[in-house]
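As written, the chains take the letters A, B, C, D and E, and residue 1 is the first residue of each chain.
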Amino acid sequence: MDWITIISTTLKSAVGVETVLYGLAAIGINIHFGYTGLLNFGQAAFMGVAGYGLAVTVAVMNLPFWLGILVGLGAAVLLAVLLGIPTLQLRADYLAIVTIAAAEIVRLIFRSVAFKDVFGGSDGQRGFSDGFYALNPFPEGDYGFNLGPVPIFFNHRLLWVLLVGWLLIAVCCGIVYLLMKSPWGRVLKAIREDEDAVRSLGKNVFSYKMQSLVLGGVIGCLGGFVYGLAFASVQPDIFGTETTFYCYTIVILGGAARVLGPVIGSMIFWVLLVLVYGVLSEAVAAGYIPFMTSIQVGPVRYILVGLGLILLLVFRPQGIFGDKREIAIDAR
Amino acid sequence: MRRAVIAFTAFLGGLVFLLAGPAHAGPAECQGLKGTLKLQGQPVNGVKIAVTTEGGQPVKEVATNAQGAWDVQVDKPGKYKVTLDVSSLPQNAEVRGGTNVRTLTVYEGNCSAVLFALQPKGAPGQQQNASAEESPFWTQFAQLTFEGINLGLIIALAALGLSLVYGTTGLTNFAHGELVTLGAILAYAFNVGMGLHLIPAAVIAVIVAAALGYAQDRFFWGQLRRRGTGTIAMMIISIGVALFLRYVFLLFFGGQNEAFAQYTAQPGVQIGPISAAPKNFVAMAVELVVLIVVGVALLRTRTGKAARAVADNPALAASSGINVDRVIRIIWTLGGGVAALAGVMLGLSQNLKYTMGQDILLLIFAGVTLGGLGTAFGALVGSIVVGLFIQVSTLWVPPELKSVGALAVLIIVLLVRPQGILGRRERIG
Amino acid sequence: MRAETTTSERKAAALAAFKDLAHDPGVPKPDPILVVDDVVRRFGGLTAVDVKHVEIQRGSITALIGPNGAGKTTFFNQLTGFDTADAGSWTFNGRRMNGVPAHKVARAGMVRTFQLTKALSRLTVMENMRLGAQQQKGENFWRALVPSFWRGQEDAITERAEDLLTRFKLAAKRDDFAGSLSGGQRKLLEMARALMVEPELVMLDEPMAGVNPALTQSLLGHVKDLREQGMTVLFVEHDMDMVRDISDWVVVMAQGSVIAEGPPDTIMSDERVIDAYLGAHHDAPLSESELTEQLQEAEAALEAEIEEETQK
Amino acid sequence: GGGSDTATQNSQSAAPSSAAPASKGDGTLTIGTLLPQTGSLAFLGPPEFAGVNAAIKEINEAGGVLGKPVQKFDTDSGDTTTNIASQSVDKLLSQKADAIIGAASSSVSESVIDKITGAGVLQFSPANTSDKFTTINDRGLYFRTSPPDKLQGRVLGDLIVSEGNDTVAIMAMQDSYGTGLADQITKTVTDGGGEVVERVDYDPKAADFSAEIAKIKAKNPKAIALVGFAETSKVIQELVKQDMPASKVKWYMVDGNMSNTNYLDMPKGTMKGVKGTTPGAASPDDFRKKLAAVDPKLEDYTYAPESYDAMNLIALAAEAAKSDAGADIAAKLAEVSKGGEKCTNFKECVDLLKAGKDIDYDGVSGPVEFNDAGDPAVATIGIYQYGDDNKYPTKAVEYRTGNIAG
Amino acid sequence: MNAVPEREQHPAPETETEAQQDEAQQETVSKQAVSDRGDHLEGAREAVLRCDELIAGYLPGVNILNGADLYVREGELIGIIGPNGAGKSTLLKAMFGLVTIRSGTVTLKGEDITNMKAHSLVSRGVGYVPQTNNVFPSLTIEENLEMGAFQVPGRFKERFEFVAELFPALKERRKQRAGSLSGGERQMVAMARALMTEPSVLLLDEPSAGLSPKLQDLVFIQAQQINKAGVTVIMVEQNARRCLQICHRGYVLDQGRNAYTGTGRQLANDPKVIELYLGTLAKA
């Protein structure tokens, strides 16, 4: 078995692009769900409108890269407002389904043949990331180091994406940290517990929910940018409900309403996915698991990841950073 | 009589080719344009056809032979114009659609077919003809309404199981779609794998799935409840379970579509404006009966009421002498069985695939929510609304976006009635 | 319109204001803070609230009593914007308040508590309290990002909260989650939190139900202090001892409408009120002699029983 | 067999490298596969893997490439709903893959093409159909043996017209494969004098297709072109249900849904007379036997020929370049695919190469001649017809060869 | 939560000033705990239901009950009073199997029922009215009561007539969903629900809270009458005076342990109990 490859890919995935982009989306969800109690199941749509906002502006309309970023951000804010105005009065579980529905609508429109000229149909758009890579300060080449025998190298493009991505994560975590220990964050948490009580204390619940939705949406949309830029393309299906589910999983894994929860959750999630796959496929290739073929590795990986998720949450229902006491309250 | 024989021979042409050796099956030696003229199935002889280049330079002029066929070979690939000489048509014939000119491309080493559809003179032109043949709006509407109810009932059945479990335990079970798939795959295993007829296979599948539902709660969810695992953690665990089950299915069932051994591609019958397969009616009847029986049972029977009591307040239910675990287990058993039945019905009406449950999960959730969370009849009403809107909305939106219609309706209804159609608002203070 | 008066004068002032009033439902008050007209709320066929006219005197403690299901809570819900009335209008400080959303009502200075408590479970008791404070600089998104903007205010709020918590015997629970409080403690928190708002009119929905009597007594002192600070208190309560002790005026509701108004003593001897609400037998608190009598009776009975049993 | 040989080879290989995969060769041709083991295209995985494996088996039996057996690492491409393809590519790159075969989905290929070609590795897709790849910046490292949809669409459209269908409906799966084919069919039919009275693009994941079929039925067409994958069996059920069986309305199918297994459950005669097109000149039968040798459970053969050809072409190009480096292979791919002595399998071709001859590999999926963009330029399309047993025979009714571009 | 006091004999302070109150309370508690233990063992011998040295809590590591003792003899009416957060409700829940007991035992008619599930206690004749969340909000009043009679469905009609007589308001509204009821109406439903089963031991957690004075009296009279009819009643009350008036014996609970025990009258007249727990308001 090629342990070096396994370890190297696993370590790289811990800081890789997927970790970054799911981490960002999960930070957004953490604000929505973890702190405010908004069951927003449409996070993928925020990522989507951002990615497509950028892509369409640059690739279809041939406008500059920075304008694309602004359009993407604007689209995320607009989506939050459009989604929020009618839905924020709904009870949590109803909100969940409405946001899922809205996100699916957004995805289906991106994907549809009718709008193929704009959004590119099921293949999406590409060719909008040059502006970003033009800013890359790293000359072409591979960067990294050897951890003992394990090589950990990224090429200049990836390194640039990762640098920006992790900076974004750091900034977002900093913002979340500052906000959540402020009175503003306190109002959010109170809304999570009981809106009516908060209303009776003179806080404009709707406005706070909206602020939360916009903030989380904008942070989520950064994930959409990272996706688009790292893969130099956007595709509709990545912005489906599956992505949102995974983000929730990540939030809960790390511990809801914890600043670093989503980041650690994302790392765990991707490490789990990559490690399990690496070990399995190598073991099968080496003939250690004679009853399995290499095609079966794919499904078995998910079976094991599913099991891993179950076990993690069975034995640590509050997530990695979560507070057991919080879980004990009102465990219904 | 002779013509019939010729037609028959032509019809069997394919078979001839099949029997012929590879020599016949080689690439056709042809580069040009060709076509066959027929009027009401009979070849038309002696019609003049002129081929020119795109620019108008004449290439060749031919007439159709006894079989109605003509062909023009050209030297260079490229665009050519084909004109049918209307005056050479038989008295009683005309070209459908009116235009007698076709412009098309000839590709290197290939012949392109040219079609001039003929029709008896005096018959309406093709354009009008087509719209005359088109079924009226209401026929389509009726068909789609029927399909909507058909789909809605399947969703409702699946939604019922979800709603029951959600109602009693507060678990948002993202693995419910997989329970639906499980039912279908179990039935498939008994049906195709073991050779039972579908009906007993389905019955056994539902029973086995119900037993598995019981076991799930007994050995898994129930244990988690006992440990005091919160509903949110359970929800994420259910995502894990969904992944687990889905890929177990992929491993053992494979990624392809399958169908049951019986009732596949059952020919439809026409009833008024609706065409439907007999199996649809049986399935709908079964679904409706199950839904109503379960719904009424929840409202009327002691266990049903106990289930609602447990949903409201498990601790108080226990204090009233209700064995909460038992009630939940009954609900899981029922939910598992009903979900499996939904899977069988879905497999019967469509096909089986390892993602079949996952693919309708969103619709299930939409149905449950639209009707009002946790109410049995709400799930029924909500699902049918969802089913109807999916189908009927295609009258106006492209079918690829048909879910958009349903989801948009969901959003709109919830805006007007935030508690769902049959849900009740909660009292404040 | 709030005149600056010295501490002891407040109660006297309130009593003086009520002195010459007629004891009719809907009687006009000299200086009403809240005026309600024709508020109606129906649930299906049930008319839960149908109040013709009521005024609440500024700077007084007014009790709202009435049998269960009389519509008191529903009435509160209408006034504070938590439910929409089918008809009617009301003014607070002369400002029309129909259709004003709940949070604006609270900001206007009219704060209510909930009968079925709404503790913010996964916030600590202290955070619950802090949340009550108004006009917090740190509740603005941008300022929240810079702690130095709101630190000072936060400290002041915390201090005030500590004070209240000590009074409400919750100081020891300061850093516990509110969700872990006992039923009575939640009531206390609910009330303390409402006081953090520093409202002009505080509306308490059965604040003392489930609170230990000894503590109730000390809290009543606090409520009286509130009046002395110029706050108006409107409260619903079924504990007649409390009503008698602190209220300056009592409004009685039954079946949705106000059926009587008056000072506590008068009201409690009102035939209709006794009938509908207080009960014929156990109207007033048992006098000392009655109490001993009853106790002796009970004891005798018990002893007899026990004897019987031991003999068996 | 060769299979187990490769396995043992694999375990010894993949020496740790101190840097990111170099684009220089190391003497061993290392192939990575990035094909769907999971996700919405999971059903395409088995035939594609089988195609590659069958080719590798033959190559190694014929002595390998550059004197060494070909090494192979399999990875999962998933689908676009999850992001695992990029992780898989990372793994392959760190295992020093010289060429990566995949992905099946155009969208997935698009998301990793930068990563693969940026590392100097050859990307070779057996199934991508999106026309974006023709113009994409691939550093000359992207190739495909994908089914030549333009030609296929033309042939099918022509077939439909030549059978006298003047009103045609198209039921196309909504992705680049389906819409691309549908566009081509529409164009050919319209040019040829027919009319496309209804075109429905459907979401393959839709819960059911009754509304789509109802829409088509409303237009009462003479022929229906079904463009899609395995979900076509659902569509057919719906067609039969809504009273448009093959005996009443002519159905035409494409390579994505021409299957000899999917429709067997249906009543006899359901598919009778249905015609469809599939690329490839050779009779699929012999090839299927080859596949059965590597995967006896294989039921579906979609894209197996393309995968097989992809593998053979890479191996031949490596031989021709005398190097296993991605860029070197890429430089020779067009050369071995056209212009020279024709040969149809690795052994034959490699012998010619060793004899110093220029070769023209003609594959199972067609003659495969690459143009400058790395797309195949010529193809052969076979037209098949279903019989009473819901199967189509191994011999085509007709074959058409042509330039894909026109 | 204060630290668990040592189980040592402390000299009781002779005089107390207001400022010393808290401290004094602490000391009295410890003292009482020890002296009570003997009484408890003495009295508990023929008890229907008894708890011995119960330790229980919700969160890991935090005990709410710190060795509470309680016994009730056949046909007795017991009152439990104490400050908010003393653990009264927790004690009832622990007896009834709704809170996990960490150590100590609960015995019902000689049978060890420690940590037994609530529903099996119901079938053993124990009834319980919780303090909060005491109705099924989405069920109608009638269905709520039906749930009360879950184990004896046959007798529903008869029992329903009985409780409807007690609380006529309920009969009128039998089809109304409990979730829309007022606080007091809910309390009635809760009480009525517990009366549906005719339990032999009835645990009431603040049954009078939120009720109008008239109905409060009714509740106390009813509790007394039920008790006279042979039902053993344990009642937690904040309306402490009324409670002590009708109960045979009373317990004062503080910080999860018995602070005082005695007959209702003894407690009601004990100056310390008055000062610390009863207040003087009602006496005036």
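The rule is simple: a contact is a pair of C-beta atoms (placed from the backbone, for glycine too) under 8 Å apart; a residue touches a chain by one contact, two chains touch by 3 or more.
All of these numbers come straight from a predicted model, not from anything done at the bench.
Common neighbours of subunit B and subunit D (chains touching each): A. Within the contact network of the assembly, the step distance from subunit C to subunit E comes to 1. Counting hops only between chains that touch, subunit C reaches subunit D in a minimum of 2.
Top contact pair of chains, counted by C-beta pairs, is B-D. Put simply, the chain nearest the middle, going by average C-alpha positions, is A. In whole angstrom, the spacing between the mean C-alpha positions of subunit A and subunit E is 51. One finds 32 Å separating the Cα centroids of subunit A and subunit B. Centroid to centroid, with C-alpha atoms defining each point, subunit B and subunit C lie 61 Å apart. Of all residues in subunit B, those touching 2 or more other chains are 247, 250, 398, 400, 403, 428-429, listed in ascending order.
With touch defined as above, residues shared between interfaces to two or more other chains in subunit D number as follows: 36, 38, 42, 45-46, 174, 201, 203. Shown for subunit C are the residues that touch two or more other chains, namely 73, 82, 114-116, 180. By the touch rule above, subunit B contacts subunit A in their complex via residues 170, 172, 174, 224, 227-233, 235-237, 239-248, 250-251, 314, 362, 365-366, 369, 373, 398, 400-401, 403-404, 407-408, 410-411, 414-415, 418-420, 428-429. Subunit A contributes residues 1-2, 4-5, 8-9, 12-13, 16-18, 21-22, 108, 111-113, 116, 121-124, 126, 142, 144, 146, 149-151, 153-155, 157-158, 227, 231-233, 235-238, 240, 242-243, 246, 270, 273-274, 277-278, 281, 285-287, 294-299, 301-302 to its touches with subunit D in the complex. Within the complex formed with subunit E, the residues of subunit B that make contact are 302, 305-306, 308-309, 311-313, 315-324, 374, 424, 426-427.
Against subunit B, the residues of subunit E that register as touching in their complex are 96-98, 117-120, 122-123, 128, 130, 133-139, 143, 146-148, 150-151, 153, 177, 179-180, 193, 197. Partner subunit C is touched in their complex by these residues of subunit E: 1-2, 58-59, 73-75, 81-90, 131-132, 169, 180-185, 187-188, 206, 209-218, 238-241, 245-246, 248, 263-265, 268, 275-284.
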